[in-house]
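First chain A sits with chain B, and in the next complex the same chain sits with chain C.
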Partner chain A sequence: MAIKDRARDIIGKEVDGVLAFRPEGGSHVPHLFNADDIDQMAGEYPAGERYPVSSIVRRLQAARPGVRLAVVVRGCDERALIELEKQGQVDMEHLVLLGLACDGELAGTCGCAQPYPSEVVQGEKVEGGLDLGMVEKLEGLPPGERLDYWLSRFAACVKCFGCRNVCPLCYCKECALDEPGLVDHGEQPPLLPVFHLIRAVDMAGRCVDCGLCEEACPIGIPLRTLYRKVGEVVESHFEYRPGRSPDKKSPLSVLGTEEDVT
Partner chain B sequence: MSRKPENNNGKDEVKILAFLCNWCSYAGADLAGVSRLQYPPNVVDIRVMCSGTISPYHVLKAFQMGIDGVLIAGCHIGDCHYIKGNYMTYKRFQVIRDVLEFIGIGEDRLRLEWVSAAEGEKFAEVIREFTGQVEQAGASPLRTRWEENPANRERIRKAFKPLLP
Partner chain C sequence: MSDYRTVPTICPYCGTGCGMLLEVFGGELTGVLPWKGHPVSDGKLCIKGWTSHEFVGSPGRLASPIIRRGDAAGEVSTDEAIGLVAGELKRVVDEHGPDSVGFICSAKCTNEENYLVGKLARAVVGTNNIDHCARL
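After this line comes the complex of A and B, so read on.
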């Protein structure tokens, strides 16, 4: 069954609104549909058009607590929602997930570990595999060259804050990147590498590897490589994979027990 | 303005920042002092109430400002004044160390040690060892870079002005 048919079935009954996409000007934009305009919903989801839908859900639920929503999710969106729920930011009880599997092409270029949600409504499941090629390549370099690589990439930063603003897991009201004691205001590029490393350490135990940051970056800083390494570090020390370990909370969000640290 | 580094066989002295927890490690450092134990004078310490309050940002900022090595010292696991504060220290330390290594700053510039209030001798030994380790690694590559580029250096001085002498 296609997502559109499923959405038509449940709108007005199980859910009050469907967060999906509406065709506009040759592309698709996120739109909250109700029973009246559900027919305008897009049926196809081009690979190049991804949005941080989990952030939109978070905002909608904050504005209208208890609202029953259905949302079209890819694998990464579902992981982000799971992680946000653990941190008390979204309410999965009142949420219906309409799963969309990424096609083979997107899954290949994107390189995430699981390019499909747990329950697929539309699309064919393609098995993914976490692409750590770039991470391993950098690890093979001597430290000095690694630093050269990162500083030269970071130096192009225009400090647009796109990576933070698009990130589904960046929901803090006060951000360290706005803190003048850490990042000097009105200077560009920002102080390197502290600006990018602040985000890197914050992504520990959070980053669901959706890759929206790298897509949003106008300069093409390989942020995903950096955050994938951080994800690998967290997995190797704490056996925790954000969005994919549903029973466990992020080790960096709880104090834990003595067994965790011995 | 910056103090002239003392002559150390022609090499610049390394600068080390130590975050010490109020209840154990700072008391340990105090004991090392009153026991007149000898250890290298390259360390500047910052006393914090608990090692668990040390944010990764503080460590990153220290490196950005040109510090060559950062030592984090807290109570032994199980002895934390706040019961579980140092669990968080340990977890954060593992992440920051590996990120520093991946970026190319080097994991040997960051160290975590548990030093109790009674371990003055251990504190002195840790400082001796860690200073040797950082000297081996040399000046931080970030510091070398901004020392090569005076404009960059000025920018860092300006950004962190309230904190510099």
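After this line comes the complex of A and C, so read on.
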């Protein structure tokens, strides 16, 4: 069954709105459909047109608690929603997931661990496998060269904040990157490597490896490689991969109270 | 229910012409997303694009032209403002020649508007004194 058929079946019954994509000027852009305009929903989901739909769901639910929504999700979108729910940011009970499996080409170039959601409505499941090739390549370099590599990448930063703005897990009302004591306003490139390490640390126990940050980066900093390494560190210490098991909390969200650490 | 839609457009800030989506949420402009697959910007924006929705509802925006006379500045109609500019330009050009004035275009205008400023300077006033804010 196609996602569009499923959306037509449930609109106005199980759900009040479907967050999907609208064909627009040869591309497909995010749109919340209702029963009146559901026929305009796109039926195809090109690999190059991924958007942070979980962030949009978070904002829609915050504006209207209890609203019944359906949303088209890839594997990464589902992981983001699972992680957001654990952090109290979305309500999965009132959400219907319309699962989309990434095709083999996207799964191959994207390199995430699971390029499909738990229930697939459209597309053929292709098994993934976390691509740590770049992480391993960099770890093979002598420490000095590795440091030079990262510093040269960070030095090219134009401080657009796109990595943070597009990140599904960046929902904080106050962001350390906006704090003048940490990141000087008007300084470019930002103080090295503080800016990028603030984000890297914030991604620990959060990053679901969707790769939207790297896609949004105008100068191509290999952010995904950095956050994959962070994810590997968290997994090796806490056996936790963000967005995977819904019943286990992120270690960094339970550490901090005396009760938990003693 | 709260509606959410995105409106494809071009970043208003500079001449690069990056594609972006305005996020309209509950009838209000709330944010910007990079337009994926756009031939110019390929799903990327700089900080100006990412924040370009912020000025739209700013209380600091001019709602009408303002003319300063002496120490007093007051709001006037667009017709009155254009009338004053045209009259003064004509007076200066008549008294001192076309090269006594210059025109500065803006990256925030459309390509077509910038073309028209070029026409106005060269064909109407008769000067090549024309430049662009990106050079300031």
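Here is the rule we use: the second predicted complex is superposed on the first by the 255 of 262 C-alpha atoms of A that agree within 3 Å, B and C clash if a C-alpha of one lies under 4 Å from a C-alpha of the other, contacts with A are read in each partner's own complex, and residues count from 1 in each chain.
By our rule, a contact is a pair of C-beta atoms (placed from the backbone, for glycine too) under 8 Å apart; a residue touches a chain by one contact, two chains touch by 3 or more.
Being a predicted model, the structure only gives us computed values, none of them experimental.
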Simultaneous placement of chain C and chain B on chain A, clash or fit: fit
Contacts of A:P251 with chain B and chain C, given as first, second, both or neither: first
Chain B versus chain C as contact partner of A:E119, first or second or both or neither: neither
Partner chain in contact with A:K159 - chain B first, chain C second, else both or neither: second
Chain B versus chain C as contact partner of A:D9, first or second or both or neither: neither
Angle at chain A between chain B and chain C, C-alpha centres, nearest 10 degrees: 100
Partner chain in contact with A:H237 - chain B first, chain C second, else both or neither: first
Shortest CA-CA distance between chain B and chain C [superposed frame, angstrom]: 21
Complex contacts: residues of chain A adjacent to chain C: 16-17, 19, 22, 24-25, 27, 29-32, 34, 46, 48-52, 56, 59-60, 63-64, 67, 158-162, 165-166, 215-218
In the complex with chain A, residue positions of chain C that touch it: 1-6, 8, 21, 23, 25-26, 30, 33-38, 43-47, 49-50
Residues of chain A that touch chain B when the two form their complex: 135, 138-139, 143-151, 176, 181-182, 184, 187, 191, 193-194, 197-198, 200-201, 204, 226, 229-230, 233-234, 237-238, 251-252, 255-258, 260-262
Touch list for chain B against partner chain A, complex: 56-57, 60-61, 63-64, 77-78, 84-88, 90-92, 94-96, 98-99, 101-106, 141-142, 145, 155-156, 158-159
